[in-house]
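I've put the structures underneath this note.
Shared chain: subunit A. Partners: subunit B in the first complex, subunit C in the second.
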Partner chain A sequence: MREKATTLYLGPQHPGITGNMMVRLKVMGDTIVSAQTEVGYLHRAFEKLQERRNWLNSFTLMCRFCVPETDPMENLYARAVESLDNIEVPERAKYIRVMVLELARIATQLMWYAGQNGSLGLYTMGQWSIGDRDYILDLFEQLTGGRVYHMYQWPGGVRRDLPEGFEGKVLRTLDYLEKRLKDYDDLMFSNSIFQKRTQGVGYVPKESIIEHGVVGPVLRGAGIRSDIRIDEPYEVYDKLDFEIPTQEGSDIWARALVRRAEVHQSIRIIRQVLDQMPKGEFNTSIPNPMKWRVKAGDTYVRAESARGEVGYYAVSDGTIHPRRMHLRGAAYVHAITLLENILPGQNVADVSAIMNSLGTCAPEIER
Partner chain B sequence: MSFFDLQGTLKPLTALKQFGKKPHTLKDIPWKKREASDNYRGLHFNDIDECIGCGNCSTICQNAAIDMIHLEGVEGKKGDSGLRPRVDNGRCCWCALCVEVCPTGSLSLTKDYIYVTEDPDAFLWTPGISNPDGEERKSYVSTHELSLNHFNRIPMPELEGKERIKSFAEVVLGYNEEQAREEASRCISCGICTEVCPDHMHIPEYINAIAAGDDKEAVKIIYDNNPLPEMCGKVCTRRCEDVCAIATRGDSVAIRWLKRYATETAATADITHEIVNPEIREANGKTVGIIGAGPSGLTAAYYLALRGYDVTIYEASAKAGGATMYGIPKYRLPIESLEKQIGYIQSIGVKIKFNTKVGKDISFKEIYDKYDSVFMGVGFPDAWPLGVDGDDAEGSMQAFRYLYMINSGEKVDIGDKVVVVGGGNVAIDAARVSRRFGAEVTILYRRRVEDMPADWEEIEGAEDEGIHIIPQGIPTKIHKDEKGHVKAIEYLKAEMVADDKGGRPRPVAIEGSETVLEATAVMAAIGQMGDYSFLPKEFEEKITIERGRFVVNEKQQTGDPKVFAGGDAVNRTADAISAIADGFRACKAIDEYLSGK
Partner chain C sequence: MKEIKDKMIAQINAAFPEAVNKAYDGNRLDFTVHKDAIPGFLSHMKDQLGFRHLSHIAYVDWIEENEFELVYLLWSPTDKVKLFVHTRIDRENPVMHNIDMIWRQANTYQREIKEMLGIDFPDMVAPDEFILEDWDDIPPFRRDFDTLEYVNRTFWHRPGREDAQDVRETISKRSGEEIPDFAKKYSR
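On to the complex of A and B.
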């Protein structure tokens, strides 16, 4: 008797990823035969909405492109407008921005710890890392006035200067996290169940990496050293000393090791930032937002998020509204074409873990 | 890896040491309420008294979460729309841009982030009313330095004080294109200025056009309800700027200078015609006679002509413009500028009969009978004398009369020591004109400098030009020499006494404080008055004149339904923009009256 493939709908509500998207799987027993992603549950037309808003208040939409890691998006918008309108950003603002970006990277990786382990049934890890992430959110709250949606980096610099004693609080939080990461290692990386569930699972072949334009930890987990912070340094990354960790396995395990090492690198970067940060202005005055006409032209800016490269294309026709805005995030290819490509042959129980390790962020796919 | 990995099994068990620990965010909950940070973007708070209802918060809000609503007990007044923001917390995203753009700094966000109620409509929240205690919980605020408003005005380039007094060249040089665009960009388009402008000019709209680089559009918008905008752009009393929202914490937007900039881009009457491209209706066969080619008469004439009326103005002087032509010195309003604007008004078909004084060259009755309707914009051609001993001396004159003669090209002998009595714009004008003829000039004013009704920029300008101001001096006598010419002016020093009725402080003369000031000419600038001798008795009986002014209804109509009036002879504010507003209102009323609508 011929075995018949069963259609299995995974999602749109998921364990392990942020936002809603669905994967329609055809399975034979536990093995996936084919996969098709279905999006459309989250579309909010942010790019279109920005065309109706002015150059300032459309910046508040940026954080919604990826809820767990809002700051690279804000950074892209600010830099895009600055490049169109030739706005000089004070040095101090650049340092503050890098600090925020790296704190956001750590917070995102802590959330990834929770998601990656949650998708494998190791819930304790999630409770720890989400709890520790709150220490970073506390810092964000003190700095920006918001815990998740910071709306902090805007064209010209940042909205507010560091509060009094903020540097000390950051350093204390980093010390604490460094200690905690050892506990994480014991619970997660030394855990034989975790190793068995991740090693050799979710393998991305080298040819797919080129074919699909893979970026970020997925790319570096396949042994390719590429990071926008080094390849095309923005803000003050060229003045900082840090490494780009890589692994060879190109599976969930390798990508997990890359992310783990990146948290350490981010801590290293923030310590340097606090050490080198100059005094002075934190913002350049921008025109009255109601009448701000950004010079006509177009620009493309890139940044390295925790999931990999994000690019932002902005067009101005010289009016008070942006003409066209477009965001290209890592998740767009990772979670659609690449995912569909690597799922066949995998076990159905591993889908959530694979999606997580690819950095799936549904709001980034649907703008 | 073996099937049983000892380390991989035991190490995770070290997690047990964390047993019973709670994440720090939950530590004290629910026993202790978590306190938000000092910078937190929580629920809104608005200082209701400080807020002026400009609506900038509502404009910037990307989610349309803020409405401007009427509140009980909050009345609109000059510089306050009477509206206050109401936040729909179901739409708010707490971006706090409303706080960043609030010109008064009244709006802020608080540390409050939990609000529980059973009322399904409670998400509509009027900050400051819904949370009167929010004042103490303010966290995210906009200080003067952090605000996104641009509080500093682009300085107007001017001639140096020493240069100015050498000639009658225009003192104010005007913004260049870049300066105008930058200044226009400071405006937040709240429209509070429009409310107080007597003529309700479309201020935010034309400033917006200037900011957008479309000066022609600005000129078109301006001409919608003001046919003498370049004059206003130079000498308007600009009450709009007093209430500018930006002025609550900074310099008001230079509305007057922006209007000046826009209108000056139309260099001639022909270019103005081309830009405004007025739509003139077909002649309707009805006629209107206008007495006086001052701002009110010209305005009524222009808009009536656009509506197809056959309009004729009777003007006693050789030039049109009234007090703006003869009362304002040329260093403030050059003759070419006024002639350009009047030329444009004539170009659309308005007829002006110059040197035709009603009551002398033509009788009022003749005009009354000849036209379907009559508008009187006769102004205040006479000035009050000083009314002290020796007032009749040679060299004692009225400042308004002096300005008239100078503007008509006559020569007036003022000697080298001039004393001007008064504190209004006419006093400053007469003083600055005298200075240009080389005289040493002193202004004698009853009250303090800060009480002077003159424009502060004019007062500063006078001081820059070396004019001495003696405040709190009440003139009592003019001394004559043997030829009957002014020799000196005597005055008493005054002290300011608080008014029991709550009015501004009154000057009271100090006995025995007589001071004598040498003078070759004394000019009284203490007010003007009307001359209604041209009106026939039988007509005067039909209308009402109270305290020297015509009494009109809200349509500028006198007791005789056919006759309308406006300008200084009607309104107490006695400035050009009020006269223009009168003319505009009268035009609409005359149109209604004659078309029977």
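On to the complex of A and C.
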């Protein structure tokens, strides 16, 4: 007798800490035959709302595109406006921005540790890493006033300088995290359950990489050394010494090893930043925000987020409102055509783990 | 970088004489191409000039000129050059060529453009709905779509939750407590 395919709906209630989205699966037994991503649960039309706001009001929406990773979006907005209006950013502000971006990268990867393990039923790791992430959020709170949303890297520099003694706190937090990462290795990477559930699972074929616009740890997990911080350096990344980790497996395990190594590299970068950071101004004065007419033109700026390329296409028509702001998120390509392409043949129990390893962030897709 | 860009501009001009180049500093290369030439142009950029990565397809509504603009943003990993390919589409007849056979991910971008701007891609195979559900108004990212008017027409305030209330006066009315003198100057 022929087995009949069954339709299974995964989501839209957070299918693995990825945000509200749904994957419609056709399954034969436990094996996926086809998959289709459905979004539409989180559309807030931020980019439409930006058309009604002035250039600084509009900035406050930026950090809300992807909740676990807010800082690269702020950085993009600031750089887009600076690029359009030819604003010079003080050197100190660039160093501070890199410190914030790398702290954010670590915080995002700690959240990923939780999501990736949680999707496999390994909850202790999540309790540890989310707890440790809070130490970074403490730093953000002291620096910016906000734990998750910061609104700190604004056009012209950063909103305020480092508080007194802040560098020491950052270094102590990094020392602590470095020790904790060894515990993470014992609990996660040495765990035979984690190994068996991730090795050979969620394989991204190398021929799919260009076709699907694969970026970030997914790209580097397939053995390709590509990172916007090196390929098209922004802020002061060209003055810093760090490595781009790669792996060959192109499965969840390989991507996990890449992310693990990237946390170590971020720690290395922040230490250099604190060592090299010059004294001086932390922002450039900008025009009165209520009357600020950014020069007409268009630009596309990119940044390497913890999940890969995020980009921002910005257009000004010379008025006080942005004409068009359009975000390209890493998840936008990974969680739709790539996910739909790699799921057939996989086990239904692995879908959440695969989504996590691709850096899925639903709010970024529909914005 | 200038040498690389000059060489690329010469190659593009030779293959597509009608493509219009605009000069930019840094690693930005910028061409405007007729919409009918887009699939061939992009395919050539990908296969012959090393622009293997499609970063994005951005869209703008130039309502004053009665046109939509699509901007294909490409990246060359070997030459580290960013290519902007602009094309304009008549707002009255918004039809564009599908390019998802060149990059599969373009399917997602085009689905968004179709839904949010109303540009049709006749050759594209995709489910009808992407982000919006049962949408029966004009595409919402067109400039003439008025978000405020739509919200006022579609939704309504619950009694007591009307907009633009003075917070202090409303609380005072409900609770019967008077607004302290020092706070009165802040009320409308």
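Keep this in mind: the second predicted complex is superposed on the first by the 365 of 367 C-alpha atoms of A that agree within 3 Å, B and C clash if a C-alpha of one lies under 4 Å from a C-alpha of the other, contacts with A are read in each partner's own complex, and residues count from 1 in each chain.
Just so we're on the same page, a residue touches a chain if its C-beta (ideal position, glycine included) is under 8 Å from a C-beta of that chain, and two chains touch if they have at least 3 such contacts.
Every value quoted in this text rests on a predicted model; they were computed, and no experiment measured them.
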| item | value |
| --- | --- |
| Touched partner set for A:130, first subunit B, second subunit C, both or neither | first |
| Contacts of A:351 with subunit B and subunit C, given as first, second, both or neither | neither |
| Touching partner for A:361 - first (subunit B), second (subunit C), both, neither | neither |
| Residues of subunit A touched, compared between subunit B and subunit C (which is higher) | B |
| Which of subunit B and subunit C A:190 touches, first, second, both or neither | first |
| In the complex, subunit A residues that touch subunit C | 36, 39-40, 43, 45, 47-49, 51-52, 210-213, 226, 231-232, 298, 300, 302, 309, 311, 313, 315, 323-324, 326, 328, 332-333, 336-338, 341, 366 |
| Interface residues, subunit A side, partner subunit B - complex | 53-54, 56-58, 60-61, 124, 127-128, 130-132, 134-135, 138, 141-146, 149, 151, 159-160, 163, 183, 186-188, 190-193, 195-196, 285-293 |
| Subunit A partner contacts - residues on subunit C that touch it in the complex | 27, 52-56, 58-61, 71, 73, 77, 80, 82, 84, 103-105, 107-108, 127, 129-133, 140-141, 143, 145, 147 |
| Contact footprint of subunit A on subunit B as seen in their complex | 1, 5, 7-9, 11-12, 14-15, 18, 23-25, 36-41, 56, 59-62, 93-97, 100-101, 109, 139-140, 146, 148-150, 184-189, 208, 211-212 |
